[in-house]
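Here come two complexes built around chain A, the first alongside chain B, the second alongside chain C.
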Partner chain A sequence: MTSTALPDDKTGGLTKRLTGMTLARREAWAGYLFATPALMGLLAFTALPIFASLILIFLHYDLLTPPKWAGAENITRLATDSRMFKIYWNSLRLVVGATFLNNVLGLLLAVGLNRTMPWGIRYVLRTSIFFPVMTTTASLAVVWRFLLTLDRGVVNFLIGQIGLDPVPWLSSSTWALVSAMIYDVWKSCGYLMVIYLAGLQAIPAVYYEAARIDGAGFWQQFRNVTLPLISPTAFFAIVISLIGAFQIFDNVWVLTEGGPGDASRVIAMYIYEKAFRGFEMGYASAVSFTLFIILIALTLLQFLGARRWVHYE
Partner chain B sequence: MSKLQTLPHQNMSRRDMLRLAGVGAAGAALAACAAPAAAPDSGGGDAPAMEPVTVIATTSMPVNTFDNSLERSVEQLPEIALEVNANGWGEGGWDGYSDTLLTRIAGGEQIDVIMIAIEGLRLLTAKNVLVALDDFLAGDQPANEILQNDVHVTLREMLQVDGKQYEYPFSWNNMVMYYNTAIFEEEGLDPPANDWTWDDFLETCLKVANVTGGADDRFAYSFWGAGMFGMAAWYFNNDVSPLSDDWLDSNLLDPKVAETVQFMADLILEHKVAPNPEGWDEWAQFHAGNLVMRTCGRWCIGGSLEADFTTYDMQYQPHRAGPLRTVAGTDGWGVSTSSENPQEAWEIVKLLSSTEASIDMVQLGGNIPALRSVSELPVFAEFGPPNTALFYETLDFAATVPSPTNFNIVEPILNRNYATIWNGERTVEEALQTAHDEVQVEMDKLKQA
Partner chain C sequence: MATTTGSTNTPATVHKAYRKSVWLHLGEALLWLLLICIAIIEIAPISWMFSTSLRDPKNSFDLPPDFWPTALHWQNYLTVINSPDIEFMLFFWNSLKIALIVTGAQLLTCSMAGYAFGRLRFFGRDILFGLFLASLMVPATVTLIPSFIIIRSLDLMNTHWALILPSVTSAFGVFLLRQHFKSLPEELLDAAKIDGAGYFRIYWQILLPLTGPALSALGIFTFLASWNNFVGPLLFLRDWDKFTFPIAIATIRGYMGSGNQSEVLAGIMISIFPLLVFFLLAQRWIVQGAAITGMKG
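Coming up: the complex of A and B.
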């Protein structure tokens, strides 16, 4: 943006600079003004709760009676909480498994649908795959619970028809977490498919044309054209699916209630249990902070790692 | 949603109400100073109508149980605008219900009248959520007489803490054995006797079960596999409890606890006459004829009424050792310490505990009414199977469900550990040892608090 000095201004350069600064400042103020509502929201609903929970770590507080000073008790307790470590292990397995499967399946489905086919079939397929994303998680989990029940469950009935033994999908420590993962992938991969599809459709066709002229087959095109050019999309998809996987709560809650025992309990459920079942707000905050630190570390790692494999056009 | 929610006064906040009341009071004071007042005209032709006071009650029962009570409140208590809402069960059971309720109260929600059962009563009184009703009762002879004369002492005392009455009993439950009479007839079995034993029960299970892994599987029996109330139905009939008598210590290492749990686990794992409770829909399977027996309280009649299922009856739980005992638990209505209108809340407590409200509940197949007079009405027998009288008969040998102050913590611990027994991953001894270790830590905390 330019500014014009007045004709009778003997110090036109200075005025110009001042006017320029004023404009810049005005722009800055306008920017702050536009950002203020979002910043207020961030302050009220993110920063303040984080700060409050940081204070709560040093208190015994049950919501209904006045808080009492706890010192470092809630922090030292973390080290001896064997349940928490076991539950973190569940969360880690679920996060890694669900993130990996969601992204691989989402990408494969996107590649499969990004082909020439009758438009009717394409839209039916896209809608069918995306449909679970639009439906309430808890209500779908109830349906899956009926499907996966050991005795008289539909899935086990079908398995029985081909002569196999029933699988204790929900009642076995081995299978409960796997069931939660399968459900999450079925529910979420359609969303990632849409993201990957958008990424694929943004790749200019000339690159594939050039690759074909050079004699590249499907796999070579996928490996050397598609994957590098879709890497920014993949980075975004991996980041959001990882965060989403750490937030998994309601589907496991309805599907297995975290059981049997703690076999499928995830860290969000444990924090909820400590906060709103045991009313141990201080200790729940301490566990929340461990999750906060882990998420920050993982995000940093992702951004550092992204420099090596994400290619911007 | 209640019909009352559309009335204009519902839009007025408590703050507005107080402000109006303050203005009214100031106006009245000024008027009093201005001139000696004549006796008020009882007709009140020119007097502005008083806005009703909103009283909100929260319940564990389906809200439609109190639809008729809402209508009665309009007629009988026009100065009160009553709302009844449901409090969620959370993860299930009274532990989840108590947690949800406390979270709502901590969030500042207006709740004037609270339904809670003995399982959550001590937690609520420990958090100073409930007002002792003794002063209300002292000033309300009719209500006190009903409580003393028409409510069994066991039920009354269940809702007392340290000798104070915190809830006015509304309903209660025990656990009995429901069985499909059509299948019993089909299999040539006599109805179970009221003194049947665990051996008799197992023998019956083996006769009626037909489990091959196919679509037409028929299980003999299913149990919740969790919940203090459901498990106590078995423990008490083996003369043992998972907690000490004062509810301050774990009793999970008592050999009789292991014996009881082993018997139940064997039904699933060895005899294969019962399904793993995880994910199993007991109600639907019982009504579909895929389940022959189940343990439940009177509230299960409601499901059968809805499903129009009539070929069933009930008997006492089978017995193993010690005196005959049935588990029992009572719920009632109480006044919240956060209520700004405790006197109006007390009026609502009485309305929601009345004979009429109890009959409404009975007709929906809900719990057993606390008022003995209602259980003696024809309607009680009419809305239930032939052996319905069994429910009230058990009161004389009822034992209270273990309900420590930290019930909301203890019950989930037990549930988590039971689940690993039913799926065969841990032995009864291993799981009970783990549960004991966890429960005892919580009990020690409770004793130190």
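Coming up: the complex of A and C.
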């Protein structure tokens, strides 16, 4: 009897003792209080900037003189900015190439690593492949710049050893973008490997056992068990690599500096240069919004896709 | 299945099984080859960097390249550290200070908001949380220009606050921890409430200790993102004594890279050395964390 009465007494006493407020009101206050720090950060450095850049689009502003109303000038200028379209074309090629290679390699490496092998070998392979992900993009781009130098670069030396001509990796307009892509794949494929590895490990082993009993070989298991069941992971991985690749900046900034000419300039660099070299804040914001729209579309695709795969899982 | 046992002896199936096993071994062999080749390609630039950073500067451009140290010219490291015009250890301190403050701040603000959104009921909660979710879609490239104007009007240019303030919280962190807090069993909190624990005690003594993996994943990747941040320092910092590693190295490369590859590489080695040690110690959590959060350093 007493043992059942005790908790009631205690909670009843607690509410009365601690407050004049109701429990619900106290909880609400606590909720606002706990959410406030993050909310302030969000408002000051995400919400406010978004609104500010929506306004900036309609202004001419060079930071030094007071902003002037521009109407739709910045927006109409987008349509005639052939340099921007050329740079978007660079970005698109880099994004498609890097996303494709990163995901294909990431998946194959994950499949390779997800088999039974001695612990030590797995550790060495995984460590080697993942470590570049941890390193600083800008600093390792400096290293790759040395490696890809035309005359005394290591890569051209190794290529020369197998009898090929040296490649002007950074100084030719055809190769500069390829070099940026190679660097990105070197830097990121280990990350995709880890994502795919997590996806593979979530596939129940019974499916493979069933496939093996039915006499499915390595390739058949990969095609009929692994691929369908990894597709949600692949979808997620492809979308986040697309979003990431559209924002590549440090990589190209250090490796090729966008050159030669505009041959490897990407859109994030163009926005940066318009804003902080040319001091055209309004126009740079307009360009950044075109990128925003592309990335929003990709993100929505991800959310919609996520909803779909939850269904057939 | 019953038919397979019956027909194993016919030549056609034997042949088929043999062909299957050839394909199986070929696939296996190709995968091994790929794994080993890629592992070598991934690690070779780093081991080249280490080996070349230990070369005598006058041989630093010599070919063939080393992928394993042949000289042990540790003086390069001392030259970089003791260089009169660049205080290299100051960059280390700057990077570390900013990364630690940002990480601490994010763990605190994100977990607090995660508790509020995941566990407390208050008016407008879902709308506010929706705001965080929506801001997940906003890429850094878009907020760069107005953030610059805000930092400039707050008179924070060329200070470390310019890097710290925009990163005190992250929508992703709030989302991650809210999901985590929401998944904890209700009975746990009821028991604590009955024992008379207040909201702060529930958060600090019950929820946080149960959030280890999610917190450490968020912490690791926040730290990495800050340590590796390049655009922020490029935009906000002007003076050498304020620089962090990535921007300092990109700048050093500009004026001493053509003359002395070894010393620049020694500088980069110093800047990634903490990451290397950290990675070797905490690899398991880092790799798991990358998979859980889908975040990249």
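FYI, the second predicted complex is superposed on the first by the 254 of 313 C-alpha atoms of A that agree within 3 Å, B and C clash if a C-alpha of one lies under 4 Å from a C-alpha of the other, contacts with A are read in each partner's own complex, and residues count from 1 in each chain.
Following the convention adopted for this analysis, contacts are C-beta pairs under 8 Å (C-beta built on N, C-alpha and C of every residue); 3 or more make two chains touch, one makes a residue touch a chain.
Remember, predicted model here, so these are calculated numbers, not experimental data.
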Which superposed partner A:63 touches (first chain B, second chain C, both, neither): both
First (chain B), second (chain C), both or neither touched by A:39: second
Chain B versus chain C as contact partner of A:257, first or second or both or neither: first
Residues of chain A touched, compared between chain B and chain C (which is higher): C
Touching partner for A:148 - first (chain B), second (chain C), both, neither: first
Touched partner set for A:277, first chain B, second chain C, both or neither: first
Which of chain B and chain C A:171 touches, first, second, both or neither: first
Chain B and chain C footprints on chain A, overlapping residues: 63, 145-146, 152, 157, 253, 276
Chain A partner contacts - residues on chain C that touch it in the complex: 1, 4, 17, 20-21, 23-24, 27-28, 31-32, 34-36, 38-43, 45-46, 48-49, 61, 63-65, 108-110, 112-113, 115-117, 120-123, 125, 128, 131-132, 135-150, 152, 165-166, 168-169, 171, 174, 193-194, 196, 199-200, 203, 224, 227-228, 230-231, 234-235, 245-247, 249-250, 253, 257, 261, 264-265, 268, 271-272, 275-276, 279-280, 283, 286-288, 290-292, 294, 296-297
Residues of chain A that touch chain C when the two form their complex: 7, 10-11, 14, 24, 26-35, 37-42, 44-50, 52-53, 56, 63, 105, 108-109, 111-113, 115, 123-147, 152, 154, 157-158, 186, 188-191, 194-195, 197-198, 213-215, 217-219, 222, 236, 240, 243-244, 247, 249-250, 253-254, 268, 271-272, 275-276, 281, 284-285, 288-289, 291-292, 295-296, 299
Residue ranges of chain A in contact with chain B within the complex: 62-65, 145-146, 148-153, 157, 160, 166, 168, 170-173, 253, 256-262, 273, 276-279
Sites on chain B touched by chain A in the complex: 90-91, 95-96, 99, 102-103, 105-106, 127-129, 213-215, 217, 219, 275-276, 278-281, 285, 290, 408-409, 412, 415-417, 419-420, 422-423, 425
